[in-house]
Amino acid sequence: MNTTGRFFRCTTFGESHGRAIGAVVDGCPAGIEFSDEDVMPLMERRRPGKSPLSTPRSETDQVEILSGVFEGVTTGTPVAMIIRNENFRSGDYDELKDIFRPGHADYTYQKKYGIRDYRGGGRSSGRETAGRVMAGALAMKLLRCEGITVDGRILEIHGETDPAIFEEAILSAKRSGDSVGGIVEVSVKGCPAGLGDPVFGKLDASLAAAMMSIGAVRGVEIGDGFLSAGALGSENNDCMDESGFLSNHCGGILGGISNGSEIVVRIAVKPTPSIEMEQKTVDVSGSERTISVGGRHDPCIVPRIVVVAECMAALVLADAFLSQKISRI
Amino acid sequence: MNTTGRFFRCTTFGESHGRAIGAVVDGCPAGIEFSDEDVMPLMERRRPGKSPLSTPRSETDQVEILSGVFEGVTTGTPVAMIIRNENFRSGDYDELKDIFRPGHADYTYQKKYGIRDYRGGGRSSGRETAGRVMAGALAMKLLRCEGITVDGRILEIHGETDPAIFEEAILSAKRSGDSVGGIVEVSVKGCPAGLGDPVFGKLDASLAAAMMSIGAVRGVEIGDGFLSAGALGSENNDCMDESGFLSNHCGGILGGISNGSEIVVRIAVKPTPSIEMEQKTVDVSGSERTISVGGRHDPCIVPRIVVVAECMAALVLADAFLSQKISRI
Amino acid sequence: MNTTGRFFRCTTFGESHGRAIGAVVDGCPAGIEFSDEDVMPLMERRRPGKSPLSTPRSETDQVEILSGVFEGVTTGTPVAMIIRNENFRSGDYDELKDIFRPGHADYTYQKKYGIRDYRGGGRSSGRETAGRVMAGALAMKLLRCEGITVDGRILEIHGETDPAIFEEAILSAKRSGDSVGGIVEVSVKGCPAGLGDPVFGKLDASLAAAMMSIGAVRGVEIGDGFLSAGALGSENNDCMDESGFLSNHCGGILGGISNGSEIVVRIAVKPTPSIEMEQKTVDVSGSERTISVGGRHDPCIVPRIVVVAECMAALVLADAFLSQKISRI
Amino acid sequence: MNTTGRFFRCTTFGESHGRAIGAVVDGCPAGIEFSDEDVMPLMERRRPGKSPLSTPRSETDQVEILSGVFEGVTTGTPVAMIIRNENFRSGDYDELKDIFRPGHADYTYQKKYGIRDYRGGGRSSGRETAGRVMAGALAMKLLRCEGITVDGRILEIHGETDPAIFEEAILSAKRSGDSVGGIVEVSVKGCPAGLGDPVFGKLDASLAAAMMSIGAVRGVEIGDGFLSAGALGSENNDCMDESGFLSNHCGGILGGISNGSEIVVRIAVKPTPSIEMEQKTVDVSGSERTISVGGRHDPCIVPRIVVVAECMAALVLADAFLSQKISRI
């Protein structure tokens, strides 16, 4: 359940306020140049505390590669990576020990396991995505060897589509003790036709699972997505001539397999559930309580989620790339 | 790649115009009453040729249970089921041998495998979903033992939300030699809190993959979905009092785990790519061609996809239900 | 649990006296010529009723390929195959309904599932191996494309090593209402160095699991096997010169990866548990009973197990071959 | 390939002379008391440098639990554990950079990956088993909650069966610059009937794979094992009366499922391939060389392998235990 991929397999571990967050990639081919310098720029994009728009929790998040790389090159054995959790002021969380924060996984983890690491959300914290970024950085290195690149960008914040207004939309919510969400688009360029597998291994199905596995994501669409539900067949089909496809309504994926066009995925990111405004909730015993979640929280997770979404796409593509290599005799 | 699920594992096989379509379910617990009478009503809902709205291809689709059931009860061994393909007029498809139909998987399968069963789309045909329905029927039996039910309904056809207009919207497209899509909602009632697993095994991630693996689906959302991207945190959070959750913006899933509320999933279904209107395309040699796809095709796949979406949801829930049984000592 | 392999994935299904026995192979590369004529000679070698040495149950076991092959060539989609169970005189088994046959899985299936298909052992019957032979035949076709061949032979029957005595050893046991076992060796020729994966995916570990998964097998050894436990390091190591390895104590596998030498596996096959001699046992209620297992049973399963062991080796090798193709960038 | 288990999933990572050796267990139920104090006694039994019989490499091997345990109890999230490699005198290995040690995986890793971490065998080193012991310790904790215990012992060293002679047999080989192997037996007590799955998930098949995945193991047998190949059916069957089974030739497993008797597995361990005596080999360029492997090596790995074999058995049993919980409705 903490592993994704069939060939390029990524397992993540670690809690927000445990000793470390990490990832193990099993199935990475030998021969890829890789070092912590490939990971750190991505970690930096994910890192909190960089601006007034995100949580002031300051972390260096220095990645340590524990295995699988010898003299700067992958050896075909598992690549394990960790970052230490240095700045855990877990005393901050004592008051949350017995109370369920609205919009968080506190209630459901308690119901499922009968126990939960309440410090900062434990395993369900956004900090878990650091492991995905480590593994995603390796996937991106593999893809780059094949000329495939993955890029993400913000399309909307709280309904606003003008990037110049994004910062004000976030700060305005923060001033009210509230939070906002948005929409992110990830595109994959340079992907050849033929990646993805039939039926349950469809490239779009894998992308959908990968994206929806990011905590704050509530919707995923490929190409025209929900818009295509209102289109005519004659509008939605991508016709071809000798130069290739004449449009890309399908977002680069037909029948679950890449067609050589740009792959386009969009995700809906909900507003951060941690807000200062008072909300009704209950505690572990079921008694009614009110809660105002202070502390170090992002008023909008969207800017930091872009790199995580890119990494998830990279993991899916790396897996599909390996699968493709064994699809014909 | 043709298997879904970790515990309740469903593998499907079969091509549109091969000898049979089937499914094998491995991991179904012993002790569930099951017979072809549990499958046939679902197969009937999926079956084409029932009305002017769908393809006139007539199939009886009698399910044969080959294994895993003894004296009407599952034994814990694999349950294999097949239907025979009786009505395969494969001569219909000779003209499609060398040409790529727009919006179909013809081009991508050819690129991936260097060979494809061109008869009616082969493995990428919507007929493949019959295997999912067989397996889904068994999943639904398991869920029913636990009081969990799965229901689907059409929300929109070609942008129309009034069910009284659905039929006319479809027939109008058909008259123009065109096709339409729509939006379907699946809801799960009676699901206890605690189903779903952290990180990559999230219930919503599994549902997203399951739904997106249906050929015509282009988008998936949970609860408020894309709407939540424009909401404030204070609007989107589901608060609680002693009676439970006061709203259900999250669609019954928090942190990837069910919270006991109704689970709500919506999918965007694209218009059927097979249309009579002439379209530009190329053939296997890359030369430009025009194509008008006649034959037995649905002008709208939405009505028949509802039961398939229900079955996919049932497969995911059955898997999560088994997983939950081993999550605590 | 009824699936083996990570890349070349084989799922089997079916009970001894159910409707059919079958296999689905998912992950077989496209482009392999395959028809029932590739399977039938292997099925014939496995088939009972050929001589006084084996059970008189007569079955034609005509294999039907249901999917995944188009115009005589694999398409990359799942290859499903079945044989029908025609000769099921299940009335033969009514007396076994409530009693546990010594040496069989009757007792353990009942304890595990609370229900069992008692007709001829149900899923635990040797007839289940027919599914493995179907899948194994496809694996062998793949291997042959790469110049790899798999062969098995009997080394011992009831301690006798002279093949001229094998038949008499079996008939002698049969006359006493008893049964015998033996030792089978499978060798793989033409396998290049580099197949197999580190740690838990070792080629010898996979072969051991594959062989031990055959019901009657009680021991597995690679190369010198148990003999090497008594050897000195200087005797057991395989030294090299410019021409290659100078000996093959390791049976072609070092560190879990093939070294290019012949791969050698030996298995210990227990005597058939079904014997006419009276034995003490209990029934479902726990009461003591005596049992004499008449009916159509082999006094020695060894001759028929050879092809099954070859097929299991072929499945493991096919899987390792695909894995090798993605081990380097 | 570096993961074992379907439910209680253990992934190991790390090279002999890399930064760390570790394991991640995903799927461990919540609610098990666990700390490094549960691991250290097992690590101590595996640890080198304790006596003249084993390598003088001295390591403290302090286990650090990085995740998945909160306030001393497992939370249901992945349990990651590492030990640091402190004593890596990798200069020791420079002379082995280009040469293939006989009996080691040097040659096969080079052929497979085109690159290898030559320091002390890298991933193929026996030091890799430290990760298995960490995970095995957690499996043992789970089993103990259910009253199941796992114990191993040495049956033979270099053909000697008298324990009083074991030490001398090893020292004698060491004095000659040679090495010896032996036979180890692992038994599982307290295991209820019903663990293990049909066909490819048989308990004995999983045990065989688990044991053969230990580098030095060349053979595995269950119960009477190879002896049963020479027995009569009437001798080999385990009859029953009202008190239960009257013998245990089957080693506690029938049809791949535990029958409630003691489970008995034996493994053949080859002599350590690293010996001081001169041996012929080749280097990376294929030129002939002679080699004498000095350094810190065990003249016999058998004493240290016992705890590793116990841990592998524990991992298999823990997995089967979880599987059993979902085998019936």
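Read from first to last, the chains carry the letters A, B, C and D; within each, the first residue is number 1.
Convention: a contact is a pair of C-beta atoms (placed from the backbone, for glycine too) under 8 Å apart; a residue touches a chain by one contact, two chains touch by 3 or more.
Molecules present, by chain and UniProt name: A, B, C, D = Chorismate synthase.
For clarity, every value in this text was computed on a predicted model and none was experimentally measured.
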Over half of the residue-numbered contact pairs in common: that is the test. Which of B-D, A-D or A-B passes it against B-C? A-D
For the chain pairs A-C and C-D, which is connected through the larger number of C-beta pairs in contact? C-D
Distance in whole angstrom between the CA centres of subunit C (Chorismate synthase) and subunit D (Chorismate synthase) is 25
Per the C-alpha means, the centres of subunit A (Chorismate synthase) and subunit C (Chorismate synthase) lie apart by a whole-Å value of 44
Check each residue of subunit C (Chorismate synthase) and list the ones that touch at least two other chains. 1-3, 6, 12, 27, 30-31, 76-77, 112-114, 123, 198, 327-328
Note which residues of subunit C (Chorismate synthase) are touching subunit D (Chorismate synthase) in the complex, please. 1-4, 6, 12, 100, 102-105, 107-109, 111-114, 123-124, 128, 156, 158-159, 173, 178-183, 193-202, 204-213, 215, 218-242, 246, 250-251, 254-260, 268-275, 277, 279-282, 286-288, 323-324, 327-328
Interface residues, subunit C (Chorismate synthase) side, partner subunit A (Chorismate synthase) - complex: 6-7, 27, 29-32, 76-77, 142, 145, 198, 322, 325-329
Flag every residue of subunit A (Chorismate synthase) that touches subunit D (Chorismate synthase) in the complex, lowest number first. 1-3, 9, 11-15, 18-22, 24, 26-27, 30-31, 64-68, 70, 73, 75-80, 82, 112-117, 122-123
